[in-house]
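Below: a set of structures, written as structure tokens.
In the two complexes below, subunit A is the common chain; its partner is subunit B in one and subunit C in the other.
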Partner chain A sequence: MTTSLTPTRHPRDASSTAGRVAERRQRFGWFFVAPFLLIFLLFLIVPLGYAFWMSLHTSTLATGSSFTGIDNYVKAFTDPLFLEGIGRVALFALVMIPIQLGVALAAALVLDTLVTRLSKASRLLIFAPYAVPVVIGALMWSFLYSPRFGPAATLFEVFGMDAPNFLSNNLLFASLVNIVTWQWSGYYMIVIYAALRAINPSIYEAARVDGATGWQIATRIKVPMISSSMIMVLTFAMIGTLQFFTEPVVMRSLAQGAIDAAYTPNMYAFSLAFSYSQFNYASTIAFSLGVLVFIGSYLFLHLTRKQSGLK
Partner chain B sequence: MALNIPAVTDPTQPLVEGDHTDHPVRVGGRKPRHIGSHVFLIILAIYFVVPLWWLLVASTKSTSSLFSSSPLWFDHPVDFIDNIRGLFSHQNGIYWRWLGNSFLYAMTGGLGATVMAVLAGYGFAKYRFRGRGFVFGVVLGSVMVPLTALVVPTFLLLSQYGIINTPWAVILPSMLSPFGVYLMRVYTQDAVPDEMLEAARIDGAGEFRTFFQVALPMLKPAVVTVLLLSVVATWNNFFLPLAVLTDPKLLPVTVGLNNWTALSNAGAGGEQVWNLITSGAFISIVPLLLSFLFLQRYWQGGLSLGSVK
Partner chain C sequence: MNTRLIAATGFAAIGAATLAGCSSDESTEACTNEIVNQDATPVSVWAWFPAFDQVVDQFNNTHDDVQICWTNAGQGNDEYTKFSTAIEAGSGAPDVIMLESEVLSSFSIRDALVDLTEYGAAEVKGDYTDGAWKDVSSGDSVFAIPVDGGPMGMLYRSDILAEHDIPVPATWDEFASAAQALKDAGAPGVLADFPTNGRAYNQALFAQAGSVPWVYDSADTETVGINVNDEGSKKVLNFWNDLVQKDLVATDDAFTADYNTKLVDGSYAIYVAAAWGPGYLGGLEGANSDATWQVAPVPQWDASNPVQINWGGSTFAVTSQADDPVAAATVAKEVFGTEEAWKIGIEEAALFPLWKPILESDYFRDLEYPFFDGQKINEDVFLDAAAGYEGFTFSPFQNYAYDQLTEEQFAMVNGEKSADQALDDLQASLESYATDQGFTVN
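Moving on, here comes the complex of A and B:
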């Protein structure tokens, strides 16, 4: 790929006019980044700024829109519905992410030691849910959980037991964790697997000569060497989990009562905006969530940077 | 804004992974200890495939047989064709419109996001214009902003511009992909040598021609990856279309099927279209599953772009 053109240097290349031309040329960079920056401005900066502006105002039917400063934020951070939602997604993150990453890492480590047709096939099958829209994934699992037409009922019958109600309050949390694990573990597995394949295999040879077992090679060599990939996957999983929305919304239409409209902060913002037309307060919730997630992931990356030796 | 995500895959290595037959662990052939590994993989694969298998089976059943027959095996008669017919007749075949909308949004949104990410990635990687560091820092920092937090404000803004409830309300915001820009920048930096750009310029090529004829061909693996990622992201999107579209004819298939589910669950017998939901869901996942199957050699290595040191 890189052999087709060989750089040919002209003797005049080093002259001062060339330097000036080169400097002017750097401005072309703006032409390349401009289309993206326009979209970035219109659909990220402006909405964020607008949300912030909205959050500083309150509109009522009587007085119209008026500046109310941080009143909405005081309201949000003392609003039990918002705080419970934040607590809930934080708990989801704490439970869900270790499970997903555990499954993904275990699968990737096993796949890395095998070169069989079966291992290739299972790699594809484990990844397949990534190609399924989250809505469809949540729908499928809701069907599977359903006492009316799911296989769970049949399965438990075999053991002479009644199937638990997966959509009840008690099991709802676990049911949602399962859906997300199913949907995303395969994607994380592929990222981790590719990182493992990029390690120079001669390192394993050296370790084996020194008497290391497969388990030791996996835990002491492979895992530390892919820590940067793990941290990136972890960050994405965290950002994704804190914006939890689609799965609970889909399950909500099938499990009445178990999921309320403010189950997650995003759902709360959505219902404030679209069911109650409280646009100012909805913007406050959305903006607060955005800032919390941003600070959270920034801190996380900052802290792990030191520990994992990332530069 | 000093976000430090590790560097990109070494572009000199082929992105095609998994075809190394000389992997050292294999030395010594298939030893018995690999049985455990295979069993583990089979169990995992079953867990990940069972829901898809269920959907395939369910798409061949009528509503009554969905409730009465064994969930993981086919029932007689196989009603797949009837279900397809139902999808064409129910609400005047609106399902196919939804599917078409999903295609339209995913293709235009995904393609737009990719074009912008490739151009911007190249601009950030190969030009040292003033303000580059600051602008790129802001873009990189925005990777950590949860995009769903933007949905409500985007909805409010778009309703002021008057493009709410049009395809643009979904397509334009979908073109935003800061992560794509990040991927393209790191990839371009390593994959396109400055000397080659220099050579093209000395040969008289303008800046844009240099980009299209010299740089772009070298970026192909990363372009395919970013395209896949952004098409999938738009195809999967639920929150944004749910917020900005109300006209049933404009919905993508994700929102449409969710609406049918809510109606079927709440509604009386006549509104229950469970068989159409299962067959519609099955048909809608086939295109992406197939494209992942056929584009394997791209995504298997490509999805790790930006994460491999």
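Moving on, here comes the complex of A and C:
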């Protein structure tokens, strides 16, 4: 039995082999990604492109459609209704996000230190509002706010006072903040809580040996260690608030005077398209809002790149 | 708070695309009703009348050549939103659509409706009053066939007024005195509500004092006349603002759950309403069982020269996407063109007919309404109101105009501006909108 010492194949250059494998992998990679890409193109990129194309045209009721370039964008950024809407959601963001995050962080920190059966139940209860569909949640609250059916009238009567009208011009802002906080704090709490559970408990032990109090552990160790989750939650909250839509739309059926058709930029785009049949200008508003949200999120993530670990 | 909504919309879009793939031919499987005669031309209809299924069956059973395929695509704005999207998309609209007369111009300007003068509108013109016909016409064109109307009257709780010795007001001056008297008597409720989102209701009140807010003719779609801050409108709005500032009337938004309850639980003693109001009240829950309702003519500014007004009313229009406009026009003209259909409409859906053969019948005049303790409300109030109504011209952007009116009135009742200022601001904003939309404003 002889063994041929002549190699049947030339040994390959190691790096070129790796390159070819990588190339083949990439080919297969595209193959696996293709179904997603197709849907991504079809349902996101193409509609976006179409909306952008629409936003470059102007169609008026009386004179029909024509190409007007960036005219619509100039109009949008000088449109008081759009700018007021942006101002309003910015105000919502300033008020709502700190409250939501405060509630979520406090709840997560407390639940993290408790190890009783009660903590599991509370975790579920705090999370529960997130499981309620947004529209149902808003409808439910609008009944609670109702001066006629709501419990407020009865409660205030006990103290001999008149119940405030939660849907009036003055209180509406607070009423909306309340709904959103109720719905979303639990979700953010779960995200923060999960991050807290991932911290190695021996760190706390070391801190306690060094004489740290519970408060110090929470503020000096836990919070800094979950900063990346906090940034993520903050980003979600910010984008969500800028796109504020569902709750005010549901409440609008109860308070049309206090919530006008351009209350938030998203509502403005919706009314323009579907109530006033200005599809082109609605696309412009939608696109402008999208761009603002994108720039805002990008800036925010850039400024917090250290905390979020995206650096 | 929007991620889930977006996700839901995405799924809905995929679902809709799938559905569209299946139903590209206009199959009759999507009908709510059953098609009696499979070989006849199907005509798709969107409408939200109560008890309309019976009317559709009645039509299909009596027609061999045309069959209605009915869908309820939502009420009012819900339906208009879908229709508007279908117009923009170029497909998806029904052949025949129920529209309120106030939105006809808004859709005809977008070439969404067929001019029915070419399809025999003149044949049925004689079946309707001049006022009703004017509501569906614009210049020489006719964009719909009238169905039901909303001549206005005053529904009142005779038990509440009697309890406080308040006479039934016949003029707006008496109305104001009654409001004061009811408050002085310490009644738990107020005389009436002034909803800032009353839209067509507010406009009808203005019209009673001579307001003619719009000049528009579909033959010239580039010109519109706007006059919403005339003396009449200002007189009416000042009258109501005065009552509001003195707390003599409520300012609850209309068509909310709160408002519906207050209508029937005695919070308002008077409900200035259209002829469809009794049907609306009858369908509400939480009513006082011992309430007694009566109907009187709507209060007047000048009792010696009464002016009748109209609030709402719907029509059937043929859309420009109709495959067979002749068949579609037949449906629009004939679906509510029989006594049988109208008996269903009157008794089951509480509609006020505009079709003269039933409007002028003894049956309708003598109809007694149990809700009003057997009062013959048509003979007493609504027939006169309908006969005196002279028609109205709406703008081609009525939805926008109403939204602006609501905003201005809301600012007014909150004390931010006077009634005059509110209407002047409304005029300015509508003029600028019309100019922006390419109209020449007269």
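Note that in this section the second predicted complex is superposed on the first by the 276 of 311 C-alpha atoms of A that agree within 3 Å, B and C clash if a C-alpha of one lies under 4 Å from a C-alpha of the other, contacts with A are read in each partner's own complex, and residues count from 1 in each chain.
Operating definition for what follows: a contact is a pair of C-beta atoms (placed from the backbone, for glycine too) under 8 Å apart; a residue touches a chain by one contact, two chains touch by 3 or more.
None of the values given here were measured: they were computed from a predicted structure.
> Please tell me which partner, subunit B or subunit C, touches more residues of subunit A.
Greater contact footprint in residues on subunit A: B.
> Once the structures are superposed on A, label A:L301 by its partner contacts, choosing first (subunit B), second (subunit C), both or neither.
First partner only.
> Just checking: does A:N72 make contact with subunit B only, subunit C only, both, or neither of them? Give me first, second, both or neither.
Neither: A:N72 stays clear of subunit B and subunit C.
> Touching A:S253, do we find subunit B (first), subunit C (second), both, or neither?
The answer is both, since A:S253 touches subunit B and subunit C.
> In the superposed arrangement, does A:F43 touch subunit B (first), subunit C (second), both or neither?
A:F43 contacts both subunit B and subunit C.
> Looking at the overlay, what does A:S175 touch: subunit B (first), subunit C (second), both, or neither?
neither
> With both complexes superposed on chain A, which partner does A:A261 reach: first (subunit B), second (subunit C), both or neither?
second
> Between subunit B and subunit C, whom does A:F274 touch in the aligned arrangement: first, second, both, or neither?
both
> Is A:T241 contacted by the first partner subunit B, the second partner subunit C, both or neither?
Only subunit C is touched by A:T241; subunit B is not.
> Answer with first, second, both or neither: which of subunit B and subunit C does A:Q100 touch in the superposed model?
In the superposition, A:Q100 contacts neither subunit B nor subunit C.
> For subunit A, which residues lie in the overlap of the subunit B contacts and the subunit C contacts?
Touching subunit B in the first complex and subunit C in the second, residues 43, 133-134, 143, 148-149, 243, 245-246, 253-254, 256, 266, 274, 279 of subunit A appear in both lists.
> Over in the complex, which subunit A residues touch subunit C? Could you list them?
43, 60-63, 133-134, 143, 146-149, 169, 180, 183-184, 236, 240-241, 243-247, 253-258, 260-261, 266, 271, 274-277, 279
> Could you please specify the touching residues of subunit A with respect to subunit B in the complex?
Per the stated touch rule, the residues are 1-2, 5-10, 13, 25-33, 35-37, 39-40, 42-44, 46-48, 50-51, 54, 103, 106-107, 110-116, 118-137, 139-144, 148-151, 154, 182, 185-187, 190-191, 193-195, 197-198, 201-202, 204-205, 214, 228-229, 232-233, 235, 239, 242-243, 245-246, 249-250, 253-254, 256, 266, 269-270, 273-274, 279, 282-283, 286-287, 289-290, 293-294, 297-298, 301, 305, 310-311.
> Quick one: which bits of subunit C touch subunit A in the complex? Just the residue numbers, please.
1-5, 10, 13-14, 77, 81, 84-85, 87-88, 106, 109-110, 196-197, 221-222, 253, 256-258, 261-262, 396-397, 399-400, 403, 406-407, 409-410, 413-414, 436-439
> Help me check something: in the complex, which residues belonging to subunit B touch subunit A?
3-6, 9-10, 13, 17-18, 20-21, 23-26, 30, 33-34, 37-38, 40-42, 44-45, 47-52, 54-55, 58, 66-67, 70-72, 115-117, 119-120, 122-124, 126-129, 132, 135, 139, 141-142, 144-157, 172-173, 175-176, 178, 181, 193, 195-196, 198-202, 207-208, 211, 214, 218, 232, 235-236, 238-239, 242-243, 253-255, 257-258, 261-262, 265-266, 274, 277-278, 281, 284-285, 288-289, 291-293, 296, 299-301, 303-304, 306-309
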